[in-house]
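Structures for review follow.
Shared chain: chain A. Partners: chain B in the first complex, chain C in the second.
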Partner chain A sequence: MARFLARRLVLLAAVLLAVTFCGFAAMNLLGDPLVNVVGVLAELDCEAIAAGTAQDTAVDAAGSDCDTVAAAKAQYHLDRAVPTRYLLWLGDMLTGDFGTSFQNDQPVSAVLREKLPETLMLLVMAQIVSVGIAVPWGVIAAYRANRAFDRGSTVASFGLLAVPNFALGVVLLYLLALRWQIFPSAYESGDFASRVFSLVLPAFTLGLPLAAGYQRLLRTDLITTLQEDYVHMARAKGLPPMRIMFRHALRPSLFSVVTVFGVSTGTLIGGSLVVEQIFGIPGIGREIVTAVVRDDFPVVLAIVMVVAITFVVINFLVDLLYSWLDPRVRTR
Partner chain B sequence: MAGFELASGGPLLSVRDLRVRFVTERGAVNAVNDVSFDLHEGETLAIVGESGSGKSVTAKTLMNLLPRTARVSGEVRFDGQDVRALASCGAKHFFGVQMTMVFQDPMTSLNPVKKVGEQIAEGLRYHLGRSRGEALSEAENLLADVGVPEPGRRVSQYPHELSGGLRQRVVIAMALSCRPRLLIADEPTTAVDVTVQRRLLDLLDGLRRDRGMAMILITHDLGVARGRADEVAVMYAGRIVETADAGTLFGDMRHPYTEALMRSIPRIDDPVHHRLDPIPGRPPELIDPPDACAFAPRCRYARHDCHDGVPELSGSVGMHRFACLHPTGAERGQAALAANRAAHSSSRDGDGGKDGSGNSGKPDRGEKPDGGSGKPDDGGSG
Partner chain C sequence: MKHADSTGTAADAGSSLTGADNADGAHNADNAGSASAGSPTGAGSADSGGNADGVLRRRLGTGFWLAVGWLMVMALMALFAPLLPLADPTQVAFGGPREAPSADAWFGTDALGRNVFSRTMHGARISLAVGGFAIVFGMVIGGGLGILAGYFRGLLDQAVRFAFFVLLSFPALVLAILITATLERSLLVVSLTIGILAVAPVGLLARACTLVFAEREFVAAARVMGARHGRIILRELLPNVVIPMGALTLLGMALAVVAEGSLAFLGLSVAGEDSISWGKMIVDGAGLRDLQNAAHVTMFPVSVMFVTVLALNFAGDRIRQRFDVKELAF
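== the complex of A and B ==
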């Protein structure tokens, strides 16, 4: 177990290094970050000005533009080569300093602290919704395989999978928030309960299509498991159908669902970008959209890193789940 | 069919005119046809036949384990109760308590993700309302009863940590946990090592005797039935073709198929390098079977009249019954055999004979009554 954990931690570190390096390179090579900090001033030829061969555009009491540029360069290490900058950023990051946002000079860690909880809460709620719906749905569909309920649920699940998040979100919003006014139509900050409550609709928007996907997988695996001899044996023991379903058939049938659960975390984060926009949730989904548009790379990098950590950690938990699901994995 | 003797004094299990059909895309499969038998308390019935003969389907029908696509008709009574009605209304505490079943493959009949002890304890807890602790200690005793060494350690192991023979013992312990009155054992030793087969069978037989339990032993090996069964029913192509008490069946078998099965068993007193006598051809397809004796294409006694309708099982339940027009050991059978031999040797001069000459010195098997045309396994197109 300790070795398993250690291997996982090394893997996590490797993934994070790769992800941040690629992100850093992309942000630095595809555009000049200096432009994003000081705007047109980046085009000033300060060396020429210093040599006296060119004129500084605006010299006033606040100091020369070249001073501004030099200060910005120093603040963001923009006077160094890109690899050096990466290492400096990495070092700062390890001490908890994610740099400052280009947009508003806020420290990135403050941005994360403010926006991350909402998004994580949304993701957790979405997964709770999806699993909570998918398990009973898949069980009933498998139990009544190829009968009316199962056929209907096949149609329904393909429908849910085909509808894009924003459409589903808008429909839910219209019906449950505007028409019947059960849930708030927009995010309400405030105490924990009201925040959770206002995340219910977004969670369903994200969770329902996932539930449809999980349901398909679970149904198929359950139908296979129900043909197994040990299920026949359980029936020969005279156990009632639902007890057999939950105590014998369900656990061995969860592998695909659990695997996809881990992988779908990525999809879910992508989906939350859209859903946060629709419902006006101040989460990192919205944050990253504006940050990318404005080439605010400290923020983008920090969010990319958070997403990568979440993804790796979830899949690590999935691996732990495998060994709970099947004792044969443990001895390997 | 004739009425049943109900409740006490009557048979423990009484099956009448059992039919099972599966509707498939290729047509209806008549897996079980007109199967009737009685089984008395504490006795063993062996159902013997090749794979595809319908013996396992019969067992699964009794246990209500068939898929929904199966069309079942006929009557199954357990101690006077209508089993199929009980099953369809979801009666609690019948299966597993009154009758239960052991499957062929111990590697797949235990749940891989549950501890052995939990699986044995499960029935005890559900049916008999034992607490978890009580049930687990009973499971330990049961494991000891079925000869599992170190039962205390085994209860907390997973199936994959046990050998095939041990797993089958666990399955048996599981089946016996609630002291059923009838155990159906579906080829319980086919999938385990040859070296432990005999020990397992003797164990089952001993447990049956100790507990006064009735047993249906399903096997493809007449040798397994010998000495362990009180009654034997031989099945072929979904029908019982011969049934009698064990002494009569082994001493005075009448159906050519029973005889052929008997001759295909290796015997300890056979000479070394003695060739076994296999049954030529394959069992027939059960989709749209011809209206004829299903064994006729593989039968050396078969005559033209074997292709005119399915022979009826003679006599009534409980007697020595067989479904054959030319039974072996009877005048009609010997006459048919002689006639076939004569026809065969004359046709062999003509078309060279399909059996080859590898069998010289022994009577040839599988002659076609109608002159040896076609292969012996052409599915009974008579």
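== the complex of A and C ==
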């Protein structure tokens, strides 16, 4: 187990480095970061101006703009090569310094601290909704396998899995918030209860398709488990069916659901970015969209990194959890 | 092709659900099984032509052909939208703002008085083009890398697998944001971005299949006869690996169409007023005031997109079952 753990930790470190480097390189190489900091000033040929050989005399030759450019270059280490810049940035990030937002000179870490809790709350609620729906749904479907309910639920889950989450979100918003006005149509930032209440619809938007996926996995595994000898034994002893289901069959049937938990978290995070947009939730999803529109790259990069790192770490933990549940995985 | 399943979990969820199909008789299942596992060129022609066709139709079912029919209509719309007698989709004040559906504008008009029906039909162009292009890109790059990695093994395999692993370590939408945020968002860039998302899953499938087929006798025979690597890969392995990959094309397209819509919600779909996509239309009509007063502006594109994605999923799932390819975790 120790060797297995060590190997996994090395892999985790390698992936984290690769992921952060790819993200950083994409942000720095696909666009010109200098343009994003100083705008049109980036086109100034400051070396030529300093040497007095500038061809284009229309630009400001006084040197003050060039000072701005030089200051920006120094501040964001833009005069260094990308790998060096990456290391400097990585060092800063590890100490909790994500840089400064171009927009309002607020430190990015403060932005994250403000926006992350809303998104986290949404993700947790979405998982609660999906598991809360999937477990009873899967149990009933497996208990009455291939009967009317099961067939109907197969069709329903196929349909739910095909709905794009933004489509589901728009429809739920229209029906439940605008038409029947059961839920608030805009996010209400107040006490905890009203925040939870305004996150109900978004959580269902994210959680329903996920529940359909979990349900299909759980149903298949449960049907297999229900064929096991010890289940027949329990039934022969005369235990009530629901007691067999929840006390004997459910736990060993949860493997598949645990496995996809990590992957589904990635889907959920992606989905939450979109769903926050629809329901106006002030989380990191809205923040990243605003930041992209305003070319606020420190914020975009920080959010992308936080999300990607979280995803990698969750998958790592699920991997460990899985190998703990099923020791055969370790030898692979 | 048991190895094609990367998670090893969802394996038979699909096939066990369709009990009705299994009732058709075991020999059909055997047919499909041997066709996908053995050499595909032989198995197809071994059955007499008419019989094979009948087997195909019985197994795929009416639903499959309904789905394909809808997809054909959408594809034709996308291809010929500019030639059809549709209103100009960009014409502002075709009717009054937010008019309900009428004989003139079947899907009503949006906030700027533009014809929603015409826009939906034109929107199919970008949505389907992005979907199609993305999956082709994923297959060419991912499939190519996967086959090479699976065939040559060793260091190349390690490197490719690590690259795929890193790609999969980003939540898909976040990776897409990363690429599109800094670039000009042309049709090509958006398609390429979504295509990159498909590279790793398709590549892992291609690699897994290649590993299986590279062990088979016909590859060994080709090698003994002195075939070069290039010939073995192109003539022996590729035709076998393309089948499971191709069986997942429609499922991949469904994901790509949805991905375009998600990007649109983040303001990162194809830029420009003139480029209409379903995603962008849904976003346009999803503001609270539009939704309150004229839900049709967004509900029509939502419905068309949903039916299209459903059709892609349904047809794709049937094809996947027919070729006995296990579900893939995208």
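The rule is short, and it goes like this: the second predicted complex is superposed on the first by the 280 of 332 C-alpha atoms of A that agree within 3 Å, B and C clash if a C-alpha of one lies under 4 Å from a C-alpha of the other, contacts with A are read in each partner's own complex, and residues count from 1 in each chain.
Throughout what follows, contacts are C-beta pairs under 8 Å (C-beta built on N, C-alpha and C of every residue); 3 or more make two chains touch, one makes a residue touch a chain.
Here the structure is a predicted model, which means the values were calculated and not measured.
By the touch criterion defined above, A:277 lies against chain C but remains apart from chain B after alignment on the C-alpha atoms of chain A. Comparing chain B with chain C, more residues of chain A are touched by C.
Of the two partner chains placed by the overlay, neither chain B nor chain C lies in contact with A:189. Using the contact criterion defined above for the overlaid structures, shared-chain residue A:220 touches chain C, although it does not reach chain B. Once the two complexes are laid over each other on the shared chain, residue contacts for A:84 go to neither chain B nor chain C.
Once the two complexes are overlaid on the shared chain, A:267 sits against chain C while remaining clear of chain B. Looking at the shared chain after the overlay, A:256 reaches chain C, while chain B stays out of its contact range. On chain A, the surface touched by chain B in one complex and the surface touched by chain C in the other have no residue in common.
By the touch rule above, chain B contacts chain A in their complex via residues 60, 63-65, 90, 92-97, 100-101, 103-105, 108-114, 122-123, 126-127, 158, 160, 171, 174-175, 178. Here chain A touches chain C in the complex through residues 14-15, 18-19, 22-23, 26-27, 30-31, 146, 154, 158-159, 161-167, 170-171, 173-174, 178, 185-186, 216-217, 219-220, 223, 255-256, 259-260, 263, 266-267, 269-271, 273-274, 277-278, 288-289, 292-293, 297, 300, 304, 307-308, 311-312, 315, going by the rule given at the top. Touching chain B in their complex are the following residues of chain A: 228-230, 232-240, 243, 247-248, 251-252, 325-328, 331. The touching residues of chain C, counted against chain A in their complex, run 7, 9-10, 12-13, 16-17, 19, 162, 165-166, 169-174, 177-179, 181-183, 254, 258, 261-262, 265-268, 279, 282, 286, 288, 291-292, 295, 298-299, 302, 305-306, 309-310, 313-314, 317, 329.
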